[in-house]
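All remarks here apply to the structure that follows.
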Amino acid sequence: MTDPVYFIAIPLLTAFLLPLFGKIYKPLIGIIPGLVFAFTAYISFDLYFNLEPGKPVIVQMAGWAPPWGINLVFGEFSGLIVSLITFLAFLVWVYSYNFKKVGFDNSKKYFTLLMLMVAGSIGVVLTGDIFNMFVFLEITAISSYGLTAFYKGRDSAEAAFKFLLIGSLSSTFILLAILLLYKQTGTLNMAEIAIKSQAIDPKIKSIIAILFFVGFGIEAEMFPLNGWVPDAYSQAPGPVAASFASILAKSGIYALIRVFYTVLDVEGIFNLLLTAGLLTIIFAEFTAMRQTRLRRMLAYSSIGQMGLIMVAFSFNTKAGVFAGLFLMFNHAVIKTLLFLASGFLTYSTKQKKIRDLDGFGKIMPFTSLMFGLGAFAIVGLPPFSGFWGKLNMLTATADSNLYLVIALILVVAVVEIIYYFKVIGRLYFRERHEDVNIQKPTWNAVLAMSILALVIIGVGLYPDFITDYLAKATNELFDKAGYIKHVLPSLSLN
Amino acid sequence: MEGIGYKILGALLTTLLAFTVGMFYAGFRRKIIARIQNRVGPPVYQNFLDVLKLLSKKTSVNHGIMQHLAPLWLITMSVSTLMFIPVLKDGLFFTNLNFSGDLIFLLYIMVFGPLGMALGAGQTGNPNSAIGVSRGLTQMVGFEIPWIMAIVALMIQYKTTSVTGLLDIQSQNGTWMMFSSPLAFIAALLAMPGMFRYAPFDIVGAPAELASGPISEFGGKYLSTMMTSGSIFAFVKLTLYVDLFMGGASNLIELVIKTFALYMYPVLWGAVSPRFRTEQAVRYFWGWPLFFGFAALIYAAF
Amino acid sequence: MKNVIIISLLGVTAYYLLSAFVSIPFGEDFINGVKDFYLNKSPEDLKVANVVTSIVVNFRGFDTLGEVTVLFLASTALGSILYRRRSSHTALNPQRTAPQASTLVQAGAKVIFPFTVLLGAYVFIHGHLTPGGGFQGGAIIATGFLLMLISYRKFFVEHNVLTWIEALAGTSFVVIGLAGLVYADNHNFLENFLPAGELNDLLSGGIIGIIYIAVGFKVGAEITGILDTLLTIKEAGLDPEEN
Amino acid sequence: MQAFLTYSIYGTALFLMLLGLYAVLMKKNLIKIVIGLSVADSGLHLLFVAVGYINGGTAPIFSPAVAGTGTVMTDPVPQALVLTAIVIGFGVTAVALALVVRLYRKHNTTNIDEIKNLKW
Amino acid sequence: MSSLVILILIIAGFALLSYFGHSINKTAGNIAVFAAAVLIPLYWFTRVDFSETVSFTISGFQMELGYNMYGKLFSLIVMILSPLALIYALGYMKDSKRTGTFYFSFLFSILGMTGILMSRDFISLFIFWEIMTWSSYLLVIFLGKDVEKTGIRYMVFSALGAYAMFMAIVIIHRNTGSMMLNDYFNAFGNFSTGTKFLTGILLMFGFALKSAVMPVHVWAPGAYSNTPMAYTSVFSGALSKMGVYGLGFVVINLFAHANLHFAGTILAWLGAVTAVLATFSAIFQDDAKKLLAYSSIAQLGYIVTGIGIGTELSIFAGLYLAVLHAAFKGVLFMAAGAVERQAGSTDMTEVTGLIRKMPLTFFASLVAIIALAGVPPLGGFVGKWMLYESLINNGNFLMVIMIFLSSTAAFLYSYKFLFGLFLGQEEPEFENVKEASPLMTIPMLLLSVFLMITGSFPGIVFKYIAEGMTDLGFHDVNWQMSVLTNAWGDSVNLQHVTLSIGVVFVVFLIFLTWKGYKKTYYVSTKDISSSGEVIKPEDNMTYSTDFYKPFERVLHPILKRKIEKYYDEFGEGIGALFDFMRRIYTGNGQTYAFYVIVFLVILLVFSKNIFGY
């Protein structure tokens, strides 16, 4: 009952059938996706925890062995990310299960889009075929456009259009890169490309690398390709923004990593990634500091975190990757919590401005507490999980002898503290003067946020809950020869 | 423990000596200033009479406990300071507890009294007392700095921090420190009038114009105590200067001569001076005296 | 000025990309690719004449599933983007305000429409034999519907039926794929579990033909749905609520 | 001849693609931008097909006429890929047009310079 | 389970208990807090095993908890001051809102401090450090005043300090492969010069920031004065000592393992400058809380100077001053809090003449002020004496002068504090002020008693300091119960001092009081002689504004430009820069697309450099 194919097949099947369920009994539209999310979460954990060390689960499509057929690779690295995605997707569902009451109807489309976005992201992570990855990336992207434009009124269409514009450029570049790769190697299988790419003319390889870099960089929110991010995050509903941060961005960065760690061996790309990551951090965090709208601030902060993750991965060391994974975990969990909390916080304010939040700590104690917790965690204060990510990140940086980068990261962290603590100060330590009619969080939202908070605190107090898995994933990512061997038993890296 | 009786006796004798000498000095000062101003002036023993008269008066009102404690604080300070200063270089009686204290300690205990006095004056509620205190403390910051510089210069130069030690060094070398460390002496000397609060630094009490202020809120026993304390303290300061810069004294005659000579310096300067405003006073102290202090320190250190 | 900058930027891009593409001259066969395998296996194992079809539906069938999903997504996203509250438009009787097409067009459309649909059906049914397939056939069918939509103001597509067709077609694709997990030899998703038949027979290629038919239905229904949504909504005029 | 073909065919396809990008970057009208995206996609699709061509190849269909004759066939893989790419391009275009409709409704204009409520 | 872990858990438990207790009802919460104030020190004194170590590995980093004698010394401060402050808080916070948050943060900051002092590796040190920082941040903004300015300033500076440490930590880890403090100190000698400097200076910066050394002190005045006074006593008394603690072991160990004396000298200089400038600032404050805040900075300056000099006596003096400062600043902040609570304000230009209304508070403040001023025969003198002697022995004459200047000027604000709040005219508006509740006065008085005892018997503190200094590499530190000795053999016998002062005092007390004081009667402070004029009761005869105006005129050139200004301008400049930067996000989708193409082209053009083919 546990085959990685189900990650894709079941959500798609459900998505196709959902309109019919809707005709039978309306609430099924909300419930069935939940069951699907629960199911994917279950199988991802089941698969992940039963994984034999060093032996990824590989499934072939249509009975053709890898170089010819498409394959899915559920290894320690991809499995970890998939588990994270499915877990968070389930929580997002729990949170938004009866979100209908608090803002949007039309839940049929919402859950369909969400489900397909998750399925697409999982596909991106699992697939072993570069073109297939493109297809899933597009599934993710188009469902994200839909989700962004979901809210009526406001400026969601504007945000979605920008997203689409940039996203289309991204797909153009990725497609070009794939075409060039195919032209050079005659294959689309990532493992085989990995073998053959060594023979490619370095000049062409560098162009391919740049095209991939720009294409995936757009999804991974890299500066200066991230103009769409703040708009999309701020206009989409809370849970959608949460899933963007935790799922969409993660699949983008995963693609970037997979391509540059496994498929193409271009050394120079890591310095480029480092530079781009640093620029991303600087511009995003500094811009975030001057934001007056809560959601936009969170969006920029999210970009900054992604920049940090890029920097971590750019070291091309095990410590760096480990730290990067830790940061990814943190970012996914914590940003989700922040966006979920902000969904309720900004619900009742017209302008969604930070200064409208004065004294909410008393009016909405739970949501504010969750937001505060998230803020504490994201800036890396112990004893929350953010700290360990930052610690590992910095030790990795130091191990790469990049002392200036450490200083930069820390300066930026100070900036981060400033703007997050401004919000906390307003939430808790200001008196509220005018009345607002607030939206109390529903029980399922409370449940979702509590689980996230527990994860944050739990990992913060005892990070070894996850470090083993992260370390394993790191080893797998670096074991390029192992990856090729498992996917293509007949061939090997020469 | 066998010397305890002598000690107590010595302490009493020292206090008595300080009181007498201090009172006479104050009398001389009044006389000298009067003569300079072409007046006859009170007799030299006038201060004794004043104290006796005040003692016989009865105080009937108070403003609270701090006011009551203020003169007490003052006299405690004067007398205790005296206890820790070697009045004579050696001998049974006038050396007191000098082995138990050193210069830093002396510097600190010397401000103990004014602080208590200030608190007492504060409690009277008289705004003029507060003004006086504020001026006095400000001026103190002014003159303490060159004075401390001088002392620190001595301490660094001779590698001892006790008065006794400095005295010993002077007698070993056979020269006074006003000659061996002239810069320090100049700095200390320039700071000295501030310590005595005679003109031109008498804006603190402003005795000539203000018919109010700290003094006016105290009467009878309190005022007499304060006067007593003042005269003892004048003697203490002079003795300290003598010990530090003029080789100390081996007998009472020498002591009186040296202190009196030294005493004439602020008195005569004051007699012919107008008055500084507070900030002028501070600026004065932080001018040349500070320069000499620095020079002394640099001389001492290198 | 901006013009010049952008043209020069694109020029630089073109230079680099062209330099990458011309490294292998046009029309030159490159060795060691996967294509030879496909060209061999398609007629031999799958008994599918059209190699492109066998790649699309079988070798890279997973892509196609994604592709179908993209279409489905597009129509769903479109629905969600252009969705409006019930009160603001009459769901039961949507109106298109465009002027009536000329009689000539109407008459012609009426004649062509059944043939277009038939052609579409032919194209996707013979997808494994001839150039063509589910996507092409579906698109042709949708063209027929487009013709009708722009010719007749009162021609309405029954969305309910479209939904059913979409759902069933999509479901059958996935279910056939999943059946491969159970019935096929290697128990793989989308693996063929039906007899392959003879090359160039209509009933050849096992599940390939069936999937392509499902895809054809789905694509036709979805594109039609998309066109209908766009037309209907656009002509409903400005929505006062959104301003 | 070979070189000419190489340059002209790849060049044309790339030119088409960049022409589309030019429209995306320069045109102010949202519809034209969407058209630009489509054009760019088309250029890309042409590139795909061009890459798959093999000198003297026929369509990769084993029709009874060619079956077993050993005729050279063009590369079927890019053709299969381009099919997928076209469909994806179609989906994106549809969504883009829907968004343009929404934007036009809200802003009453299709000039992209006037649609910037979200900035900084 | 180890007693250290249990201690941490107990504190955390009480924090949660107080929080939830207060959210149920006030009494329950207060009981929890009281239990915490009693049980935590009780456990620490009776059950904690100071020789125990707990080590564990988290996330691949080896961590170890365990006391050493040096940490124990500082723990002593925490464990004595904090419970007293907690008990005081029970009275002080009686009518406040959100007490749950208050006690939660309070106890968590205690947890942070306790943890810091038992950390033997950098990671746990940093973790507890950050816990301490954020919990104290919550308290700084607790009253909701100046949240943006003070709160953010505090957090920013704390973060700067903490992150400087963080950077040092990771660099150390990179060079030693270990996070243990000892490994760092042992390996220090083998580091390259750059690493030595970098780690040493970064660590020092982090710790110095917490001890409010001059250029980075600007967080302190606002933070100290905005916090509820119940916590400020701990904040200034114990929390800032964590910086001193860190400075101590870093400086000493660096000296011991590499000849980096000049770093210590720089630190000492900074301390001295801090002491002088902060004292000057304190003099001109009109708010008693601000005055005390600046005074704290100045006092910390002395301590830092002592530590920075690094000789046996100077460190001894620094540590002793640290202990004493905790006690007297604890009392003073508590007193200011009591005045604030009872009279409604701590503005010295408003509040006046409380001595007869709040005698116990006054008495405690008086004792503390005397100790602060360093006047014999109270404990403060001992520290001052040792500090001066150590500086003089060392020949740092300029520093001596600066410290002297600072402590002489300290008399000015000391007096201003007492006069402003307690002495002077007794105005009718403060007619009904009552003495603070026993919950508040008893902690103050207990600390005062401690200050008085240390005046004659500082040995009770010396004992722990000497123990602690063994961990800094100073074995066999000589100390006597009540005799102070410097390096040149000069000494002060405190018993003689106290005895003689006491005897003289008693003699004259009898002389003055006998047949005197009892017979006098109290008259109002309006009944004063004022140049022959009669003062009416409604006349305001309080002199408290511009108290040291002449001195201000003298110091004007030094003080006219505040350091805060530079920081503010820097902040504004940065803000403008950020505003400029965010214009990149123009809002026009086409521009974003343009960026993409530009980025692509840049990469393509530089591909040769990037990929080096």
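Order of writing sets the labels: A, B, C, D and E. Residues in every chain begin at 1.
We take it that a residue touches a chain if its C-beta (ideal position, glycine included) is under 8 Å from a C-beta of that chain, and two chains touch if they have at least 3 such contacts.
Being a predicted model, the structure only gives us computed values, none of them experimental.
Engineer: Compute the shortest path length in steps from subunit C to subunit D over the network of touching chains.
Structural biologist: Minimal hop count between subunit C and subunit D: 1.
Engineer: Which chains sit in contact with both members of the pair subunit B and subunit D?
Structural biologist: Under the touch definition, subunit B and subunit D have E as mutual neighbours.
Engineer: Based on the averaged CA atom positions, which chain is farthest from subunit B?
Structural biologist: C
Engineer: Across all chain pairs, which one has the most C-beta contacts?
Structural biologist: B-E
Engineer: Using Cα averages as centroids, what's the distance between subunit B and subunit E in whole Å?
Structural biologist: Roughly 36 Å separates the two chain centres.
Engineer: Rounded to a whole Å, what is the gap between the Cα centroids of subunit A and subunit E?
Structural biologist: Roughly 44 Å separates the two chain centres.
Engineer: Could you grab the centroid distance between subunit B and subunit C? Build each centroid from C-alpha atoms only and quote it in angstrom.
Structural biologist: 106
Engineer: Quick one: subunit A and subunit D, Cα centre-to-centre, how many Å?
Structural biologist: Chain centres of subunit A and subunit D, defined by C-alpha means, are spaced 29 Å apart.
Engineer: Which residues does subunit A have that touch at least 2 chains other than itself?
Structural biologist: Counting only residues that touch two or more other chains, subunit A contributes 131, 135, 138, 142, 145-146, 149, 157-158, 160-162, 165, 169, 176, 183, 188, 203, 207, 230-231, 287, 290.
Engineer: Would you give the residues of subunit B that are in contact with at least 2 other chains, written as numbers and ranges?
Structural biologist: none
Engineer: Which residue numbers or ranges of subunit C touch two or more of the other chains?
Structural biologist: 6, 10, 13, 16-17, 21, 33-35, 38, 59-60, 63, 66-67, 70, 73-74, 77-78, 81, 242
Engineer: Can you list every touching chain pair?
Structural biologist: Listed by label, chains in contact pair as A-C, A-D, A-E, B-E, C-D, C-E, D-E.
Engineer: Which of the residues in subunit A end up touching subunit E in this complex?
Structural biologist: 158, 161-162, 165-166, 169-170, 173, 202-203, 205-207, 209-211, 213-214, 217-218, 224-225, 227-228, 230-231, 266-269, 271-272, 283, 286-287, 289-290, 376, 381-383, 387-388, 390-392, 394-395, 397-399, 401, 403, 406-407, 410-411, 413-414, 417-418, 421-422, 425-426, 428-431, 462-464, 467, 471
Engineer: In the complex, go through subunit D and note every residue touching subunit C.
Structural biologist: Within the complex, subunit D touches subunit C at residues 2-3, 5-7, 9-11, 14-15, 18, 21-22, 25-26, 47, 50-51, 53-55, 59-64, 67, 72-73, 75-77, 79-81, 83-84, 86-88, 90-92, 94-95, 97-99, 101-102, 105-106, 108.
Engineer: If you look only at subunit E, which of its residues touch subunit B in the complex?
Structural biologist: 353, 355-356, 366, 370, 373-376, 381, 384-385, 388-389, 392, 395, 397-398, 400-401, 404-405, 408-409, 411-412, 414-415, 418-419, 423-426, 486, 488, 490-493, 496-497, 500-501, 504-505, 508-509, 511-513, 516-517, 519-523, 525-532, 541-544, 547-548, 550-551, 553-554
Engineer: Could you list, by residue number, the parts of subunit C that touch subunit D in their complex?
Structural biologist: Touching subunit D from subunit C are residues 2-3, 6-7, 10, 13-14, 17-18, 21-22, 25-29, 33-35, 38-39, 42-43, 49-52, 55-56, 59-60, 63-64, 66-67, 70-71, 73-75, 77-78, 81-82, 129-131, 133, 135, 199-200, 219, 223, 226, 229-230, 233-234, 238-239, 242-243.
Engineer: What part of subunit E is in contact with subunit C in the complex they form?
Structural biologist: Listed in rising order, the residues of subunit E that touch subunit C are 594, 597-598, 600-601, 604-605, 607.
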